[in-house]
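Chain nomenclature is as follows: A, B and C, assigned in order of appearance, with residue numbering initiated at 1 for each chain independently.
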Amino acid sequence: MNEYIDKLKSLNLANYGHDFLLTWDKSSAELEATLYLAELLRERHRLGRSNLVFNSGLAVSIFRDKSTRTRFSFASAANALGLAVSDMDEEKSQVSHGETVRETANMISFMTRVIGIRDDLYLGEGHTYMQEVSDAVQSGFEEGVLHNRPGLVNLQCDIDHPTQSMSDLAMLKNYFGSLEALRGKKIAMSWAYSPSYGKPLSVPQGIIGLLTRYGMDVTLAHPEGYSLIPDVVDLAGKQAQAAGGSFKLVNNMAEAFKGADIVYPKSWAPYSVMEERTSLLKQSDRSGLLALEQACLSNNAKFTDWECTEEKLKLTKDGKALYLHCLPADITDVSCEQGEVSKSVFERYRHYTYLEASYKPFIIAAMMFLTSVKNPLSALEKLAKSYEV
Amino acid sequence: MNEYIDKLKSLNLANYGHDFLLTWDKSSAELEATLYLAELLRERHRLGRSNLVFNSGLAVSIFRDKSTRTRFSFASAANALGLAVSDMDEEKSQVSHGETVRETANMISFMTRVIGIRDDLYLGEGHTYMQEVSDAVQSGFEEGVLHNRPGLVNLQCDIDHPTQSMSDLAMLKNYFGSLEALRGKKIAMSWAYSPSYGKPLSVPQGIIGLLTRYGMDVTLAHPEGYSLIPDVVDLAGKQAQAAGGSFKLVNNMAEAFKGADIVYPKSWAPYSVMEERTSLLKQSDRSGLLALEQACLSNNAKFTDWECTEEKLKLTKDGKALYLHCLPADITDVSCEQGEVSKSVFERYRHYTYLEASYKPFIIAAMMFLTSVKNPLSALEKLAKSYEV
Amino acid sequence: MNEYIDKLKSLNLANYGHDFLLTWDKSSAELEATLYLAELLRERHRLGRSNLVFNSGLAVSIFRDKSTRTRFSFASAANALGLAVSDMDEEKSQVSHGETVRETANMISFMTRVIGIRDDLYLGEGHTYMQEVSDAVQSGFEEGVLHNRPGLVNLQCDIDHPTQSMSDLAMLKNYFGSLEALRGKKIAMSWAYSPSYGKPLSVPQGIIGLLTRYGMDVTLAHPEGYSLIPDVVDLAGKQAQAAGGSFKLVNNMAEAFKGADIVYPKSWAPYSVMEERTSLLKQSDRSGLLALEQACLSNNAKFTDWECTEEKLKLTKDGKALYLHCLPADITDVSCEQGEVSKSVFERYRHYTYLEASYKPFIIAAMMFLTSVKNPLSALEKLAKSYEV
């Protein structure tokens, strides 16, 4: 405990800011603080010690997409710190009645300490919406309408999925022993075949946007046409160079897997399809959307061999790369006829994917803590004295 | 703090009762107690001090209409006092299975300390329903089925909207400096044009039913045919007379605005339309309802000049009347083509409408506290000793 | 308090296990511990004393059927012990995306202390599903994915409804003075007419599966063809014999009522119909389902005289048997034209049915406590020292 606190003291917690929207907006020290605090909260939880730092207050969640694990991770994190979850269910609200984002954001925040938002369905929208909410609560706080500036945590947007990528990083840190041990490790972030359509880009973008900062050799693999948002790909390249690692793009899953220490095979929709889809949705062009889905699914079908099989895994470092997935995976012969990963591979790594997921509530709790608690270090010192079960 | 407690000691908290349904059922001392306690809880919240008075217990909400700010205000208030919100979602329940109100009210109350109900859609129903719930939990308590008599808070019915009108009163008290300062102030509670239909009458009724008790000059303005429930209008007249203020009714927005210190332009459906609508709804007469909506909208359209514009505001006291609204407002060129208020007026007063809304969670918390805590004064004294952040 | 604790010390709490799925999987000592703890928690609640044993943690509810009282009982119990309810709403989750039960169960459990499941719609499914969840969280705990093994509470399955039957037992214990006093008492668990269709079998099965263990004379009555799951009926017979009571089956309500100390008239669908219904549902055979419903309703209509009337009650012990019902009842002339019970009988016993229901939150709290708290006795001793209101 004291070791963790000393580590956290050495990092710049005071300037952490009230938002966690994109990992690349955060300094390395801030990311490290998030990781160390998540581990500390996790260890305290394991020992049955209290992580309560708020005596009351709301954690508001806004989910614009279905969710199981992020919803429960958010609820768990809020509860662990002492906040009550209040879900902003847009169907039950008057949001449609011409309220502006600015107004709603303030109206739900009078006693709110944290807002978590998942808005990943439309390119160009999720992150923009989160920024609007951030601006709204910031000015509400400055104008004295809100007593506290609620922290804002991105639970997945169109650009990044920081609670996922940071959980993945926590998993890798513990699997390989330290952040330093990640230097030089090769990860294959690869597209994989799925019979479904329209999966967001934020997981692969989050991975290449985060892991390139740790000196890793990051390979992004996808069929031609399945590219990500160009700005994020550019950023990944620049970060890799700055960190002394590498970033490259290939159009072949097997090639990406060669010698990899970690593989992350996961489906997504092509950037251009997501753009077209967003525009058709805005026009409510139903037949256009249907045609797009058909075209996309039949294009996907050309790449059914982008599956993470035992054979492909043999290409990795000693045939033993760590398999990662944000779950739920499309598992061949389990959840679909043909999918992202073969049943035997998934089963063999099931334990690791569950462990990977287990970091998320603690990562979210750490983000809530650092964006919302007024003096994180003194709150931590107070916690350290608490042995309550 | 001590000043507030002394003030509250001087008011008659012991007879406050377990229900807050209509402001006109409450004595002036009880209303003052609610206001002062709300301010005290607000100030403590601003300073980061705990308002926890329950160590556990449920606050059950029953929303029969969509809601954003009341829902979050209720959740915030419950949480601040230490209660967990449990929403009685009638779709997920067996209410339709022939349960009586009496039965359901008891079944949800075994560990419930507060029930909040919003039921504002049908004339003649909301308040009646709340009274049934009140009777049910009262007899459940008396018969030993319930260990506590849950407090009942009206979150908006067909007749009154006390959490709104009391928040408005708190806003006015703080804007003008004291309740005494309201004496002689002129408020124009005016109908305003909206492109929508069927808005409840409870806000204007709540305003004239409350503010006429404070010696204010209250003018109710609406086009001919847009009258409110006659009993409430009568009551407003009598209260104004008793309090040494005035109450008058005009059919002209501009006339109402002349010399006003406060304007409250807000749309509602005519009483007679709401009555007809309720009767058609009971008969499930779909074509009748559609015809009524059309007739009502086209009648509304005759009164599009009932908009709160900069020009009309110039008619008010020094051209600077305070603009109030319960939100969300129909803002011309923002949420609709033509609405209740012009964009520039709304923008200029936005801060005040947000502040107005910010009182609501604390007003609700004060109502919960006074209707549900067994010995409010000793609970307050216990709180006063708590400096916990 | 000390008396209760001494009693609980004498029972074998350490081997209680983490699941409460079927009462007949629990030893008599475990059932007694549940009852005594429920009473202790209830008495503490009545006195306004804290029952908080967790400082944080989630209680996850999974409702696959509509529910009012069980939902609120679960929420109340969780809150009383210090847990926050998080509802696993399958529509808002990604459960449909090919997740396995094993995966979902772990994903929602990282900070979860209790899982409550209601899954009573399909024969052969509810209990099986609960066992899968149990296995999943057990292995997640053993493999270090979960820090705690969440307790699992059956909130009604296709076979048993233990939170109901245990509440009924608590009611009987208090009505007759002790568990010992139940020996030789006659209960008529009888089918009753209802205009609805497809009611689960778990209430009558739960009653005969539990009360036959207390030396009672249990008579199960239903029209021919309305039988229960044969295994449960067999079990009831064996248990009655072992406990020195009796169990018999008759096809006549009046006969069952003769001399009864307690009557429990309640509708259910025939076992064979539920089996056919489950199979038609799996085939999505809509016309088959409609035909089955029609056939079943018209068969029901042959037995409209299976109503608990004043006349039938006169047949019971001194004409004063205790009337039990799990609520909501189908009450003739109240919730339907003709139903399970006459209005005057129901009204006369209303108080008792409400009391019967009032045990449920405490029974659930006791089950949560015993399945989830690490050292129940020391937690109880800690509670005993707490006089906090």
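Definition applied: a contact is a pair of C-beta atoms (placed from the backbone, for glycine too) under 8 Å apart; a residue touches a chain by one contact, two chains touch by 3 or more.
Just so you know, these numbers come straight off a predicted model, no measurement behind them.
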Copies chain B and chain C touch via same or different residues, half shared test: different
Angle of rotation relating chain A to chain C [CA atoms, steps of 5 degrees]: 120
Averaged-CA centre spacing for the pair chain C and chain B, given as whole angstrom: 41
Residues of chain A touching at least two other chains: 84
Chain C-facing residues of chain A, complex: 45-46, 48, 50-52, 63, 66-69, 71-73, 75-77, 79-80, 82, 84-85, 196, 327-328, 330-331, 334-336, 351, 354-355, 357-358, 360-361, 388-389
Contacting residues of chain A [partner chain B, same complex]: 55-58, 60, 84, 86, 88, 92-95, 97-100, 103-104, 106-108, 110-112, 140, 143-147, 374
